[in-house]
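All chains are identified by letter, namely A, B, C and D, in their written order; residue positions are counted from 1 within each chain.
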Amino acid sequence: MPIGRRRPTLAEHHAALAHQFDDLDQQREASSLGMWVFLVTEIMFFGGLFTGYTVYRHAYPEAFADASRRLAVALGAVNTAVLICSSLTMALAVRSAQVGKRRGVIAFLSLTMLLGSAFLVVKGVEYAHKFHDHLVPGATFAFEGPHRPHAELFFSFYFAMTGLHALHMVIGIGILAALVVLSSRGRFSPDDYAAVENTGLYWHFVDIVWIFLFPLLYLISRT
Amino acid sequence: MRLGFPLFPEQASTVAGQVDALYFFLVAVSVFFSVLIFVLLIYFAVKYRRRSDAEWPRPIVGDLRLELLWTLIPLGITMVMFIWGASLYVTMFRPPAEALEISVIGKQWMWKFQHPGGQREINALHVPTGRPVKLTMTSEDVIHSFFVPAFRTKMDVLPGRYTTTWFEATKIGQYHSFCAEYCGTQHAGMIGQVVVLPPAQYEKWLAGGGPAESPTVTGAKLFQTLGCGACHRADTKARGPSLDNLFGTRVRMRDGTTVIADEGYLRESILSPNARIVAGYQPVMPTFRGQIGEEGIFQIIAYIKSLVREERAKVR
Amino acid sequence: MSGYVLPQKTYYLVFAALLLLTLVTVEVAFFDMGLLNFPMALAISTCKATIVILYFMHLRYSSRLTWLVAGAGVFWLFILIALTMSDYLTRASLSVLGG
Amino acid sequence: MMATSLSERREHYLNISYGVKSWLLTTDHKRIALLYLISITLFFFLGGAFAVLIRLELLTPTGDLLQSETYNKLFTMHGVTMVFFFLIPSIPAVLGNFLVPMMIGARDLAFPRLNLASWYIYTIGGLFTLVAAVAGGVDTGWTFYTPYSTSYANTHVILTAVGIFITGFSSILTGLNFIVTIHTMRAPGLTWFRLPLFIWAQYAASLIMVLGTPVVAIAIVLVALERLLRIGIFDPALGGDPVLFQHLFWFYSHPAVYIMILPAMGVINELITCFSRKRIFGYPFIAFSGLAIALLGFLVWGHHMFLSSQSVYASMVFSILSFLVAIPSAVKVFNWTATLYKGSISYETPMLYAFGFIGLFTVGGLTGLFLATLAVDVHVHDTYFIVAHFHYIMVGGVIMAYLGGIHFWWPKMSGRMYPEGWGRLAALVIFIGFNLTFFPQFLLGYLGMPRRYHIYPPEFQVLNVMSSAGASILGVGYLIPMVYLLWSLRYGAVADPNPWEAKGLEWETPSPPPTANFEKTPVVTEEAYAYWPKEADVG
């Protein structure tokens, strides 16, 4: 940050400017930095699970490969595509906000919500199948073949990781809904769209988590 | 002057003196630096005390040479500590080849020991002087830690795996053993005794407990009753790999990796036979989890160890 | 903060690349490359993640500080996994996980 | 004493509005700091009460005062309360919240509502833990080692875990707020190398909060899930590894020590310079050694696991890295000592605490070397040696600095002076009580007394009695400031804007400050700690 970038006196008072900031630039910089720092905490949050996954996959490679084959790769691939689509629409929503197209913002945000919901529906279908096949860890877990206890570990990670991911999706969809409402009330302008931008960052982050989860869980070995 | 209470633990093993030597080195370094800092603090505080409220001393920026000095000297000293500590640790970690092997099972809230001749003890452990003793330990429930302060020996005891530690007692007497890892309600009650005897008396003690069956013999019987021999045979039609001369060798697995056939591997093969499959075999062995306790596993392993012929054992 | 507006075309190109790489990652999973399976899957995922971060998340057009923050996240994740695995990869016996 | 001067009628952050609502809904960082001050003080005395019972029980070698279950719950609740609800929020959430915006010349933190939310999150987490304590407590030790915590303990593990999990987010959000504030809201002219070192220290600690806390959060979630659903991520019976929990736990919980000690070091910089009227010796070395500690602190967690069945090679790596993290701490101690050289030293209460801190931190830091040394750690691990070591760091270090800071900035926070004589007396009592409590524990530890034992061999009794006697002095020492600080709120002398003639932006605004901190945004033209007559040149 260059010396003296902050102005010693209060700048023009913009309606969107919070009292603790001097100008909109500073406010925007703070909100963007805050969001990125938050995403770093999210990386570490998922990181604990990824570490555990790495440890056990290293310890029980055969069991993990075997258990992974029980996942529906087609559904997983479709969901990956759905989520990538939603990231595109989210990026376009942010772009619309940047150039001040309110209709575009509302349309793309709604589309993103729709795709996110579609992802969750597919995920729900997969969960139902796993439940039906007794692949949910716990008392009812049943797994034919030689790798039973370690396959249960795999499914513990499957549910913990995809569950945490799905929880992030649900929260994301909630935020998107709020943004649609705010946007329709004309809350955002090319000067002030940090909420849309930050939600975009969050949404793309959730997408990235899935980009790693998909091959790690579904594609260990399909030969 | 004699105080009514100890300020320093007894030295009753071969490593105790070595650990204490390193400890005293650390104490000396610590005392030196503490005294240095304390003296400087007090000296400056007195010498440069404020004499008038209008006193504003001239500033000093800093000094690169000093900064380097007090970065590099501590760095050098700590590296000495590291190397000394690590090399001694390796000694303490690696049991000598001809050690007396005693199996230890920790459970809430007691220690169970079994000597190579089959003698069992609870919470008390009799060992001879002048002979290394290797403890192979596991837990039936939570994490414990076997700690004998007089030997400067401690190692966590975990469920589901073997850990080892060793010591060679040098001084006859009775010493405390503690559980050092918090293990539940009666954690503080897991205090035991290590009784160090002269070798002759140790032999006498071993003989005095009545007839005992060695773990190797019990293990052979278990091997029979559980039907292990039906598959683990030395002939070509065997469905499982032969166990003759297996212990201590390197085994090639189906996925190309190799594993040393140590106690841990044998234990895993009994309880989770399909975690690792030996090259050339199929995952057909059932698990013996629940059919055999930690003690039984120790005994079967003792039996498998006994299948190593002498000349091979020497080659290793 | 990026006030920079990207042309729509960029987003569609990134989108196409992501779909393509998804296809690739599924396809290679059906080939047995032995020990290369895992690094391959990881490499493709990292590629995908990188273009999402660079273009969708505008990192490419962001300040050095943002780069630093993003880099720190990845680096600390690396510390967590690498130092934990430094234990598991060097244990005397692979089978110490007990089972 | 009841005379009202003109300055008291001046509008400031304390009197601008009244009523419970004006406090519970405030977004003013100074008021939030006071909310934290009240809540962590409650937790401090709660944790202290647990400690009193522990020391009472340890007076005798037989477990005659408390049942085993009760004792185990007491040391667990003592650890949980003190670590998660007192030490970690202590300096950052109270002094940091109050000072960070003022020291950098800002009107507030970057996200004031998030700041208030942090306090509510902390409070909710605290309530969960209190409910767990009242409902019967938890007995896993504050470390929650598996499989005891997942499969064997039958106390309120999940409730406590939820409390800690929630409180973790308060810590994360505080750290995030500080990082963003320090990056984006510094006053004109306030470059990084003109920042007070307290800010550098808060920044380094915030990095740890943000990067480490999520990992312990997920580890605790996994413990709770394993308890609830009987899945086996850490359960050896299902192929899991209890040592993995230790990795995830210490990845945060070792650096957490630096969350506590770095801000404490930050406070010491401010105290030492002010009361010796000296520029800090080696500013960049102190600043960067803080960052070095924050980074290296993440690479050493395995030194808690030398005996856990961790691989020998990993232990060696963790051992050498642990020695490296000692170097920046040593650099700081030497620089503080050098700062005193040719100073003009006065002995107000905060300075006494600063002296106490340097001495006790030196002992605590040096005894840390014993634990990094592999062969010696085998003997002292999980004994009272460890207990003594970390109390020297956390009580001797952090609480000394915290009390020093509270006294130093008390005039700024409350607008009143504390009674100096009582202040000095309390500092002395605390110093003596502390050493008497914890020094014997080093000897006990090397003798072999394991931690978390309430029944012990009789030859350990004398040292334990000494320790308990010291604890009673220490307890009294902590009560004295509590009393006179409250007294000073009404009867203390009215404070000037800058009673210590200290440097720093927070002293350029009235005591107590107005809600917006400064009448107009200050412009910084000189470095921090410019304690010299204007005509003298640096050199």
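To be clear about the criterion, a contact is a pair of C-beta atoms (placed from the backbone, for glycine too) under 8 Å apart; a residue touches a chain by one contact, two chains touch by 3 or more.
Remember, predicted model here, so these are calculated numbers, not experimental data.
The chain pair sharing the most C-beta contacts is B-D. With centres taken as mean C-alpha coordinates, the chain found closest to the middle of all protein C-alpha atoms is D. Between chain A and chain B, the centres computed from C-alpha atoms are 45 Å apart. Work out the mean CA point of chain B and of chain C, and you get 40 Å between them. Distance from the chain B centre to the chain D centre is 35 Å, each centre being the mean of its Cα atoms.
Among the residues of chain B, those touching two or more other chains are numbered 158-161, 272, 275. Touching two or more other chains at once are residues 183, 211, 215, 236, 239, 241, 243-244, 247-248, 309, 312 of chain D. For chain A, the set of residues touching two or more other chains reads 29, 33, 37, 40, 44, 47-48, 51, 55, 59-60, 149-150. Note for the complex: chain A touches chain C at residues 25, 28-29, 31-33, 36-37, 39-40, 43-44, 47-48, 50-51, 54-55, 58-60, 73, 77, 80-81, 84-85, 87-88, 90-92, 95, 98-99, 149-150, 197, 200-201, 204-205, 207-208, 211-212, 214-216, 218-223. Those residues of chain B that touch chain D in the shared complex are 3-9, 15, 18-19, 22-23, 26, 29-30, 33-34, 37-38, 40-41, 44-45, 48-51, 55-63, 66-67, 70-71, 74-75, 78-79, 81-82, 84-86, 88-90, 92-93, 108, 141-143, 145, 147, 149-150, 152-156, 158-161, 163, 176, 178-189, 191, 272, 275.
Of all residues in chain A, those touching chain D in their complex are 1, 3-9, 18-22, 26, 29-30, 33-34, 37-38, 40-42, 44-49, 51-52, 55-56, 59-60, 137-139, 149-150, 152-153, 156-157, 160. Every residue of chain C that touches chain A in the complex is listed here, in rising order: 1, 3, 5-6, 8, 11-12, 14-15, 18-19, 22, 25-26, 29-32, 37, 41-42, 44-45, 48-49, 52-53, 55-57, 62-63, 65-66, 69-70, 72-74, 76-77, 80-81, 84-85, 88-89, 94, 97, 99.
In the complex of the two chains, the chain C residues touching chain D come out as 65, 72, 76, 79-80, 83-84, 86-92, 96-99.
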